[in-house]
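Here subunit A shows up in two complexes: once beside subunit B, once beside subunit C.
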Partner chain A sequence: MRKRLVLMPRQNIPFWLNAVSLATGVGLGLTFATALLLTTGVDIEGIINEFILYSFTSQRGLAQTVTKATAFLLVGLGSAVALKLRFWNIGIDGQVWLGAIAAAGVAIHDIGDPSSRLVIMAIAAIIAGSIWVGIPVVLKLKLGVNEVISTLMLSYVAFLIAQHLLYGDWRDPSTSFPVSSGFDVETERLKRIGFGHAHSGIWLALAAALIVSYLMLVNRFGFYLTAIGINPKGAKAAGLPVSIVIVVAVLIAGGLCGFAGFTIVAGQEYRLTQYVVHGYTFSAILIAFLARFNPIAVIPISFIVAGLFTAGDTLKTFYQLPLSLILVVEALILGTVVAVEFLARYKVSLVLKRTHQPSAPVDHNLSGKSNQVVP
Partner chain B sequence: MDFFVNWLAAIPAYAAPLLLACLGLITNERAGVLNLGAEGMMACGALAGAIISLTTGWPSLGILAAVIAGAMIALVFAVLTVSLRSNQVVSGLIIVALGAGLTGFLGREYVNKTLPGFYDLDWGGIANAWIIGPILFKQNALTYITLLLGGVAWYVLFRTTAGLKLRAVGEDPATADASGVSVALTRSIAVMIGGAFCGAAGGYLALASSYIWVEGMIAGRGWIAIGLVIFARWNPKYAIVGALLFGAIEALIPRVQATGADVPIYLMMMMPYIATLGVLVLTSLTRNRRSDEPGSLGLPYTRQDRH
Partner chain C sequence: MSDVALSLQDISKSFDGQSALKRASFELRWGELHALLGENGAGKSTLMNVVCGLYTADDGRVVINGEEVSITSPADASSYGIGMVHQHFKLIGPFSVAENLMLSCSRKLGLKSIAEVGRLASETAQMLGFNIDISARTDSLSVAERQRIEIIKLTLLGANIMILDEPTAVLTDDESLIVLSLLQDMADQGRAVVLITHRLREVTQYADRVTVMRAGETILAGATAKTMNRGHLAEAMVGKSVSLDMAEELPKENPHAATRLELRNLSLSRGSGATVINQLNLKVRSGEILGVAGVGGNGQTELTEAIIGLEDKLTGQVLIDGKDVTNLSIGRRRQVGLRLVPADRFAYALLAEFRAYENLALTDVPGNRYGKSWRLSRERMKQNAKQVFLERRITGGKPTTRTRLLSGGNAQKLLLARELNQDASVLVAHSPTRGLDVRAYQAVHESVVGAARNGAACLLISEDLDEVLRLATRIAVISRGEIHGPFSTSEIDRSRIGELMAGHA
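This part shows the complex of A and B:
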């Protein structure tokens, strides 16, 4: 007798199953990533040294990781807020760019009083980031324009704005490189916290994480987000202010990304260069997914992802391996996580094949399907 | 006048890779699978084409390799989206990251090497005929093939049983399933054909546009093609028009630059991206929203999953 695979969507996925699925997915992804690294000539000892010991336990490595984690935490939070709503913000790099540009603009043109310069830079960055995501969200709500493409297109535009400025008006006349002039030491840079290059931006990012956690986990705003994310029509029918919540949440997400741009230029680079923004979009999506859109979980996970990039820098220096390898590692992890989720979402069973279609009652799935949104 | 003729003659070569990717995506999306991985599939195609063309000296083998590479990474996408019913948006982004990351890593030794590629065919004196000559006869072989494929794709999708089944699966998979069409098989094949087309588009960029490979050379064209699919209302006929329009915009940039006119070059380079956004806005303004969109685009299908 022939057998047939039958998939039955589970109505309620128990917590332990979700946890096991996530852990298995991450474990499998790390196994693939390790296998890939082994083929590039890094041995097991090297992998443990760079990815775990150096990035997380050595004084220098940990300081680098904390420095990088600042921006990752902010974009991870932004991504979690937007994705909770199923708003696919793929233009995170663009919003970070615009935040960096706005902050640099304030610094370069000496806007405002020097004593409050940093605050003005931060506010400008937040506004710039939210404008850059504001265009797509308005286009989506008013005209139904797919936000995946609009946010991404604006990302390219943002990068070209930076290029335009760096090869034009903002170029530091004293060098031949396309970089802006440096920020003022006293008034336009975030203070170091006495741990490598780590700067006070990390406190600001953690504060942002607390605020976002309050909004998403305690305040009723978070409840609205969840309801709209699961079923926008149902939320509307229930009388929730759907459009306003979407706009506010997405603007917050963009603002967080813009703010990340501010921490990069004011805390790490001290000037605008072509390389201040790279690879934040996919990292942010990975962070948000692994954290299951929970802002508290975003904190440790963005820290781990930052460690991945610290290891990437070391591999680049000592093994001449490109940073794109880290992108592959990230893609492998997210890939295995979403692949393994299949076993949590569906109950797979073998059923004897009959000549007639079974007329047994079929499980009505009320929850799973409506999560899927056609962008 | 020369400027104008030069520009018109350059358009098809800029339009062809966009059209190739667009045709693949239409095949994909007509079967109900939203493929956001185009950028990654094109990246794989470009590198595979570059490596094979460089090592064998045969650009046609290069294009074949590009097609196979595109189809292979599309197979990963098919496993994720069709077999495992993963979210199609996330799966697409994973493919983009995988494609960009893997090619950046594997292509290190092939950067900036001149590749054996496809050059303009020699049609003799006719190629210099007034205006029409350069436009029709100063093109490479792949461009003609691409245009032909546009017609073929339209015919297969809208005039054959196979195309009808494919569209049925995209429109209403449960009904297609009930009438004996295998949804999973149809979708997997459609995804792989889409990947093959995207791979070819990447191969075209490496072997018939730039003749070199560099990291990130796709530069968002995969995403522009995704936008074009919406503009083209999931129909290859309109995809040809859309690709020519975007080809015209892209072809204009280096030509304006070459005239030495004092225009901000980076602002000009924004045009394709802003145009994509503009076209999406116009499309949603001027027609009954989403009327041509395949009914179950983006939704995984499970037989037991009634709704």
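This part shows the complex of A and C:
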């Protein structure tokens, strides 16, 4: 007797199994991440201190987490909307860049009345983000261009535009660094909310989360979105306005990312630099995946991911570790979550395999003499 | 040596707690053509997949030539001389016949040149009684020809126990005849052949013995097929006597009824320049069922898509109740009462991952039946679904069950409940009973007749000639994208339709 592993797809996955699988995936990912950090010289006490105590319980750390969570919440929502449609937007960084560039452009060129400057900056950022994802969605619907390629490539283009501006017309004449001049203190910056560096962008992001939740969970739009995500041709044959819903949803996703760019330059950096956007694409996809594309779940999860980055900042300062280590931690978590999910979808069982000897040799004669076929 | 080639004893198999086979048994002798008959989901294919190593049985014995064996992979099965032709052929389209055979048989035949494999294949074909062009691309061959390639493949692999899963499902009458006689010949040559089918006619005319399965159990084992009464076979399949009479009277031809669906000069070409539909004109009247017979792949799918609005590279016009809908969206066409029951439910009509109540509501959401756009009422959807489940006797699930978990028949009932409500003006049914069992078949037919009696114009596009002959008030034939007819049912008979289907116009 030999034993053999057999995989069988489950007909129906109960809720508790999904929950257990998600928890196990995150737990395993954190375990691997801890092991990785231990090899880089951070001791276990340090990990607990930075990742849990500092990021989520200390006043200063929590303020940093909230500040970072603003943009993560917005890109996480954008990613959830697009992924619900199975639109693989992996150029979120590009859309955040465009939002940041547009907002900075309005501020630098003093466009519009100073009293409504912030509103104009926000609207410009939303439109710019939408346009940047609008190109791939039109290419996909009209010419069948795969959005994975087009969104990713446009992300590089966006960064090059930012560099072009920062080394050119927009460079602050008072410095030799490639940064734009600072935004006006009174009219072009989001107000602090009296909690570290946290700014009023967090309220805007939460409001956006409520609006997206309404659209996806209560409004008819969410029903269409889910249907199209399952099977676009089936949804079309049922008479749903498929193309319009895809375009609108993807533009909303891009707009949210552009808006995130606005909150970064107007709430944190107060100017455009080469470093305002980094690693949002991956974080957004992680957040959307962990939230199972549910916009309400995106809220707590983006705070947790922001906490990881807060810890990353302190690790950078105290242990001289690169911030990209946090991206590795994220990758470990996403990887283990997806891997464990496989075990929720399939049932693994051990079966006994009987050993056997092949029976009497089978006649493979091809000549077609009937009496030779049957032994 | 035993004259029993294969004996399956008390085979049980369950999938994630759902029992598919319950102590099923089957006995196959050398030199016979043995029909395995049963409704969809009766376990025929599951049982044969156990034999050919795709599934491993939970319990039971597999005995080949008198020796108990364990088959845990297709390679095991092949080593015992077992081969299966699946419903979906496993050929690679752009490859030639010889290349496909080389690919599948290289382990058996060893390293050989293409020419040599081709020679072997031609010899095998001649021995089986037909000719093949071994250099033809397999995607240029007809379904029947591809089937023969699969049979050659099995022979080259040394299979002397051959299992064919519904080999005639997509063939014309003439082609079916050829395949079935080929299977008889192979049995006469001493092989053991299993024919999985749900067509009673094939069983009584061609098979030597028959085994009937129902709900995972063997109901009738190894009875002599030629002497069986079809009524008894049908009864064994479904458990109780089913009348194949219609509850409702079939609609009669009425030349004075108003035209509800009109197709004018419909043409469609592919990017490659191939004409798929050619200058097609057709009028369907209120209250009639216009049957369009034809072999699959002659433009039926494209015609269906053109009428419902999924095809945008179309020339010509589609009119519903005299109104030109050619440039209207699918949603608008649905508002004037266009309905669709397609062959492939989960590609076009139902969303597999949606819950049943969501699918039931899907097409009525745009028309505000479940609340205005700012607030969708899932409660109303669920209530409606509860009622439909009761009325249509949909079993095996609740309104909140994911649709893919419903059986084929229940999913089709769900679809009919959605598509055939009172407001249907034009119904396009494309092979609406493909893959359904006898009872669901009957339910679908009654729904189509009911729609016609309510005044809808029904276009029944079907590859199942029996279905067309049974329901249609007038019959047209589609062949290479062209329509012949329509003819009155009195003007045309089965053999004439067969000729037109085969393209001998």
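Couple of notes before you dig in:
Note that in this section the second predicted complex is superposed on the first by the 344 of 375 C-alpha atoms of A that agree within 3 Å, B and C clash if a C-alpha of one lies under 4 Å from a C-alpha of the other, contacts with A are read in each partner's own complex, and residues count from 1 in each chain.
Criterion: a residue touches a chain if its C-beta (ideal position, glycine included) is under 8 Å from a C-beta of that chain, and two chains touch if they have at least 3 such contacts.
Remember, it's a predicted structure, so these values are computed and weren't measured experimentally.
Of the two partner chains, neither subunit B nor subunit C is touched by A:L141.
Contacts of A:S324 after superposition: subunit B is touched, whereas subunit C is not reached. Look at A:I47: by the touch rule set out above, it reaches neither subunit B nor subunit C. After overlaying the two complexes on the shared chain, residue contacts for A:V6 are found with subunit B and with subunit C alike. In the superposition on chain A, the chain among subunit B and subunit C reaching more residues of subunit A is B.
Looking at the shared chain after the overlay, A:Q163 reaches subunit B, while subunit C stays out of its contact range.
When the two complexes are overlaid on their common chain A, residue A:I193 makes contact with neither subunit B nor subunit C.
Contact with neither subunit B nor subunit C is seen for A:V26 once the two complexes are overlaid on the shared chain.
Legend: residue contacts after superposition of the two complexes on their common chain; A:I304 is shown touching neither subunit B nor subunit C.
Residues 6, 8-9, 362-364, 368, 370, 373-375 of subunit A touch subunit B in one complex and subunit C in the other. For subunit C in complex with subunit A, the touching residues are 1, 15-18, 30-31, 56, 64-65, 67, 69-70, 72, 79-81, 108, 120, 123-124, 127-128, 155-156, 158, 160, 188-191, 308, 310, 329-331, 333-334, 340, 342, 346-354, 358, 362-363, 365-366, 371-376, 402, 405. On the side of subunit B, the complex with subunit A involves touching residues 34, 36, 76, 79-80, 84-87, 89-91, 93-94, 96-98, 100-105, 108, 215, 219-220, 223-224, 226-227, 230, 264, 266-267, 269-270, 273-274, 276-277, 280-281, 284-285, 289-290, 293, 297-300, 302-307. For subunit A in complex with subunit B, the touching residues are 6-9, 40, 88, 90, 139, 143-146, 148-150, 152-154, 156-157, 160-161, 163-164, 167-168, 282, 285, 289, 321-332, 334-335, 338-339, 341-342, 345-346, 362-365, 368-370, 372-375. On subunit A, the positions that touch subunit C within their shared complex are 4, 6, 8-12, 218-224, 226-227, 230-231, 233-241, 347, 351, 353-356, 358-360, 362-364, 366-368, 370-371, 373-375.
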